[in-house]
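Input: structures, listed below.
Heads up, the next two complexes both have chain A, just with different partners, chain B and then chain C.
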Partner chain A sequence: MSRFRSKFDGYKLLLALAAPALALIAAFLLSSLVIAATGKDPLHAFAVMIDFGSKSDSQVWIINKAIPYYLSAAAVAIGFRMNLFNIGVDGQYRVAAFFAAVVGGALSLPGILQIPVIIIVAMAVGAIWAGIAGVLKTTRGVSEVITTIMLNSIAGSLIGYFLSEDRLAVKDGNLFHTPNIPAAGHFFTIPTDPKPIYGTVLIAVVIGLAYWFVLGRTRFGFDLRAVGRSESAASASGVSVKRMVVTSMLLSGAVAGLVGMPTLLNESYNYGTDFPAGVGFTGIAIALLGRNHPIGMALAALLWGFLERTGIQLEFEEYAQEVVGVMQGVIVLSVVIAYEIVRRYGLRMQQRKVGEELSARARTDANDDTAEVSA
Partner chain B sequence: MHPAATRERVIKPSSENSSRPPDPGSASGVAVELRGITKRFPGVVANRDIDFTVRQGTVHALVGENGAGKSTLMKILYGMQRPDEGTISIGGEQVTLHSPADAIARGIGMVHQHFKLADNLTVLENTVLGAEKLHGIGARARRRIGELSDAYQLGIRPDLLVEELGVADRQRVEILKALYRGARTLILDEPTAVLVPQEVDALFANLRELKAEGLTVLFISHKLGEVLSVADAITVVRRGTTVASVRPEETTSQQLAELMVGSELPSAETRDSTVTDVPMLTVDGLHLSATDTDGVVRDVLDGISFTIHKGEVLGVAGVEGNGQAELVEAVMGMVDPDGGAVTLDGEDLSHAPTRRRRESGIGYIPEDRHRHGLLLEAPLWENRILGHATEEPNTRGRFLGVPGFPELLALRDARTDTERIVSDYDVRTPGIEVTAASLSGGNQQKFIVGREMSHHPKLLIAAHPTRGVDVGAQAQIWDQIREARREGLAVLLISADLDELIGLSDTLRVMYRGRLVADADPATVTPEELGSAMTGAATGHLESDEPPASAEPPASDDARPENGTGGAK
Partner chain C sequence: MRRVTKLAAAVTATAALAVTATACGESSTESGGKKNKGVGLAFDVGGRDDHSFNEAAAAGTDKAEKKLGVKTKEMTAGNNETEATREQRLTSLAKAGYNPVIGVGFNYGKSINKIAKDFPDTTFGVVDSGSAAKNVSGMTFAEHEASYLVGVAAAKKTKSKKVSFIGGVDNALIQKFEAGYVKGVKDTDPKIKVETDYLYKESDKGFNDPARAKDMAKGMLSRGNDVIYSAAGQSGAGSIEEVSKVKGSWAIGVDSDQYRQKGLEKYRDAILTSAVKNVDVAVYELIKSVKDGKPLTGNQTFSLKEQGVSVSTSGGFIDDIQSDLDKVSKDITAGKIKVPSKP
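Right, the complex of A and B next:
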């Protein structure tokens, strides 16, 4: 058995490497085709991207950009792991960031209190916003896909309503934004040259560790994954599926609430009309790309940042500005398809191995048996 | 050892109908011949070197453990699977079947274990569906159906909706469908699994009728008594290969069972009753109503009361769909009943959540292991944790021991214990990292039984514990239930296999339309008596008119569980 297992594990490793390799090659080839179709040299484009992306200011930019992407992906992945599709991370983080900015702008506490208060408000608001979808799903049977999309739209209108001068915002030139958070409420930065890395990268690391720990090592995480794999089996095993739906939506929303923090606490210090939108949708792509895996998603978030950064440079080199968008799409598709192919292949190989091993065993048994019967 | 009646066999060549079969009346005409069939089928034991010949105008039984590869073999013959090696000949001509349509064109028809009928269509519509080209969909089709129904005495009423039909009638519609498409060889996959004894007799009468008309029937079963009573030839499949071809008059069910398992069966020992007078599970006045698809509120469970004592097996008989599944769900806490109480060992669990009930000592072998017992895509060791995530050895308390912190899983201990279950319960698997889906049904079930028994339950709910399980695993599962019973386990046993019910139970109840309508003493009751109570024809205490000697359940299936209480009472 041990021999089988070691062989098996080697195989597993090979399969695990096969999927990303396959995806990268496919994405590379397809992107090249697209660039070539626009009448440009694809190889030169890749050279430009690698050259520009590896400059130190680009690296800092990429890391800072990847923080909210990663948090957003983690929020989406919590839902994915239990078969819930939280499309509403986008609305959740914007509402959360907005109210956190309002609270942060209104208070002036010492930093040690101010920052946790802002973060907790953000997580709570995000959780409530996602929780609405969870409650509607368990009490009224409304699909979370529908409600979270609707809540995105409601979130936009809600923020738009409050973000005016006579309500919660101040006017600054052409822009409206919430009052600035006092300097004590600014998150620390890690000094690098020429620009610092946001200290909120720590939040992402903590969330990544918690994600790995809670899902993989705790009873709660096991229950959550069990519901994702089979609702009926989980329910028979003693998991309250309804409660799990609400809890995981709350968790997903709380993490979504953190998505706006790197921008709010390290960059803008207020929520204005120019606050980044759409990160929630990027998170879906990154969760898919990273296979819901804490490290996979980190790599995916960095890759995403890299593509966005180097895309700017491609425009200077007179490549079509849509090239990077196409590449991102191609990569996600390649990864999803490659993993599915490799997963099915692996499952078939595994079943074949089990079948072969057992029938080999049965054959020797059967030979013994026939000997007995004839004797 | 067989009741004389079951020995009666009509073996007459079909000389009456000489125009239709290509080689009528000749017992040597070969309907189907399989040579050296090998199929590597993912996850289950592969078919290899299958050899057998089915003669025209006979009922040929294919027996073997489930998971031995009978169904795969039939799928190969019906064109649903392609063999990796070997040849198939139909009517003496070697063929390659690419799809069921090919098989149908060559006169093979199949009645699946799970019927493939559209409930909201009539019998006529179901029959012509997909075969419109044969006789249209109108008067000609109706005439043809009438002819077939009369010729084989199927008693078809073409204008009834299928949803109005009982199981036996649906099965006849399936047979009709195959005949309508010109089948000369009918494959019946476990046709008696869903029938009560009276219906089985009617089915066998139909089969003899078909045989008399020169048709060939391939009959898959693991109920040896039935096989011996209806078949003209028997082929035994074990672990994917044909091990013997025997004639029913030259064999006994004991010998057949041994051929199937490949070794001698454990001999029946008489055992004393282990029933105590300490109540373990008390169910009192359980009531559950549900709204069906038409919006009508029905009582699914009504006035269900019973007590299971320590060391007692309470068997519940009933045609499926009479509330047994809901009863199990209510005791497990998966549905919340409208009324009534459930008490386990003095602890009121009437409205407790499922997890608390499991922690209080309820073990559960679900009816549908794929839906309720396993995470198919998860490795075995994660399935070890399923349902027992809060219990030893799967848990190691809270994170840092602080109350309110998340509970941690003891992954290493769970893995070690999975290895133990695999070896103690003889789960055939190459390791614990493979997914549950890779195992065959019998091994999945042995794993589930091992998992539930490992927590020393006070009450075991066993819903069809040996359904779709091979004879070897069946004997093991019975042994484990009996052994635990001796140590004071209370068992609620739901089964469609009446021999299993009679053999394992200390007390029998019959469920009909959500009520417990009859009770019986397993030492004296016959499957026929149970059968009539299951159809609502008899109620109250089932008392046999005949002397116990002849009322003893047929020893036909010698693989059935021995009667543990018969001697004591």
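Right, the complex of A and C next:
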């Protein structure tokens, strides 16, 4: 029995490696086909990407770009782990960043107070915005998919309403933005050559560790995953599903509130009409790609940054601008499909093994029986 | 605990690796030619063939290619871009030796002025935004003045006494179009109702979502509006198409002379006129100045006075009211009519 298990673990490891390998090969082949279909040389494209993407300033750019992506993916993944589809990370982080910017621009405290205040406001606003969907789901039974999507739209209108000169914004050329956060409220940067890495990368690391610990190592995390697997089983074992829904929406929203922080505290220092939107949707793709795993999502976020960085260079080298978008889509699809194929294959293998083992045992039992009879 | 240690070790190793690589690796800005390769042009969302704003800038570089023999490298913005992406696009153009490097659209305002400091020997230009660096030319236009004129034309041509305005994005720039247009209509006939609406409150998708403009125009037409002015970049094509389906109604184009746009040929008989922004002239002049060795820098405004904005007459649909428009135009340049730039 023990020999059988170790052999089986070997299979498991092989299967675990097979999925990403299969996905990578499929994504590579499909992307090559797409590039070739546009009449360009795919191999040269990959050479350009690797060469340009490994330059030092590219690395810094990629890391900085990956920070909000990672936070966004973590926010989405918290929901995913309990079968909640928080499509509203986009709205949550924008509302959060906006009000955090308003508060940050209005206060001038020493940095040691100012930065935590801004971050706490962002997390609170993000949590409240997501909490609306959580409460609606538990009290009225409204699907969180619908409410979070609608809340995205409402978030856009809300910000648009306040982001005008006679309300909470100042005019700067053709842009409206909230008053600048004073220098004391700027987050530190890690000096690297030629451009610095944003200090907010630490926030991403902390969230990654917290995500791993809370979901994987605590009772709460276990309950959350249990609800994700089976609501009825979880409630039968004494977990309040309603409370879990609201709590995880609040948590997801609080993390979503952090998504805007790298931009706000390390880059723009205000929320303007040019504040990046859509990071919440990128987070969904990255959570899928990283399989909701804290390290997987980090790799996925970096991969996304890499693709975006090198995509501009591809456009510069006369490749179609859309190539990178296609690649991103192909990669996500490949990963999702590859894991599903490998999972089904693994399941079938497992069933066969168990079947073989059972029949073998039945045979030996039968032999024993006949032996007994003859004796 | 074992897994924690392993995890920590992995994270530290990765971080250390990344930092070392960063410290030792070659920076992409270090390798790059110095020779002038021509014009680097970075479009706003919608791209070269938006039949409107970007295409007006492209007309300027096309002219420069023909007359000055310079080459142009074009790149295009995507939706929901961050500053980092815009900065990279401009950097890659400047680094490769393109001069001047021109950003089309106020979205490039911040990034151009920032990148310009890294490339002091290159001349930069930005359309619709001001200059904040020594080697930047900020080209801004009096959109509200041209919009006032098309507002007058709309007021003279409407039969239902209902006209409307579609803005791409509700921002300060597009509000200038709205303000001028509404004032132009109201000054001509205060009884006319003006319906104004924006495609998006704050997303740049407003400039490349023709389907949404089409829907909005459909609604406006069904409520009896018979002249629709769209200031929405590429989206405008959607409302022009919708207007062309309803007999007796007019579309007013923006930025380029949209009657003359190849992509809109099918609908051109519905295009009353266009509030033209002569981005092509501004872009051409900048390229020429760099070529001549006397690069233009600082803020440059293009108003009705220096024909930086104008009203197109292609199609001859406004020939009958041309004298009225000329008079209004004179009054604006003389300062007799004050056109507001905010609604």
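Note that in this section the second predicted complex is superposed on the first by the 368 of 375 C-alpha atoms of A that agree within 3 Å, B and C clash if a C-alpha of one lies under 4 Å from a C-alpha of the other, contacts with A are read in each partner's own complex, and residues count from 1 in each chain.
What we mean here is this: contacts are C-beta pairs under 8 Å (C-beta built on N, C-alpha and C of every residue); 3 or more make two chains touch, one makes a residue touch a chain.
Given the structure is predicted, the values throughout are model-derived calculations rather than measurements.
Applying the stated clash criterion after superposition on chain A shows that chain B and chain C can sit side by side.
When the two complexes are overlaid on their common chain A, residue A:277 makes contact with chain C while staying clear of chain B. In the superposition on chain A, A:352 contacts chain B only, with no contact to chain C. Contacts of A:263 after superposition: chain C is touched, whereas chain B is not reached. Once chain A of one complex is fitted onto chain A of the other, the partner contacts of A:239 are limited to chain B, with no touch recorded for chain C. In the superposed model, A:56 makes contact with chain C only, not with chain B. Shared-chain residue A:112: touches no atom of chain B or chain C. When the two complexes are laid on top of each other via chain A, the two nearest Cα atoms from chain B and chain C are 11 angstrom apart. Listing the residues of chain B that touch chain A in their complex gives 40-46, 48, 238-241, 243, 259, 262-263, 332, 334, 353-359, 364, 366, 371-378, 382, 385-390, 395, 399, 406-409, 411, 428-431, 433-435, 437-440. Residues 1, 4-5, 8-9, 214, 217-223, 225-226, 229-230, 232-240, 347-348, 350-359, 361-363, 365-366, 369-370, 372-373 of chain A touch chain B in their complex. By the touch criterion given at the top, residues 52, 54-61, 63-65, 156-157, 159-161, 163, 171, 173-176, 192-194, 197, 205, 212, 263, 267-268, 273-274, 276-279, 295, 308-309, 312-313, 315-316, 321, 325 of chain A touch chain C in their complex. Residues 7, 10-11, 18-19, 21-29, 73, 75-76, 78-85, 88-89, 92-93, 96, 106-107, 109-110, 128-130, 169-173, 200-203 of chain C are the ones that touch chain A when the two sit in their complex.
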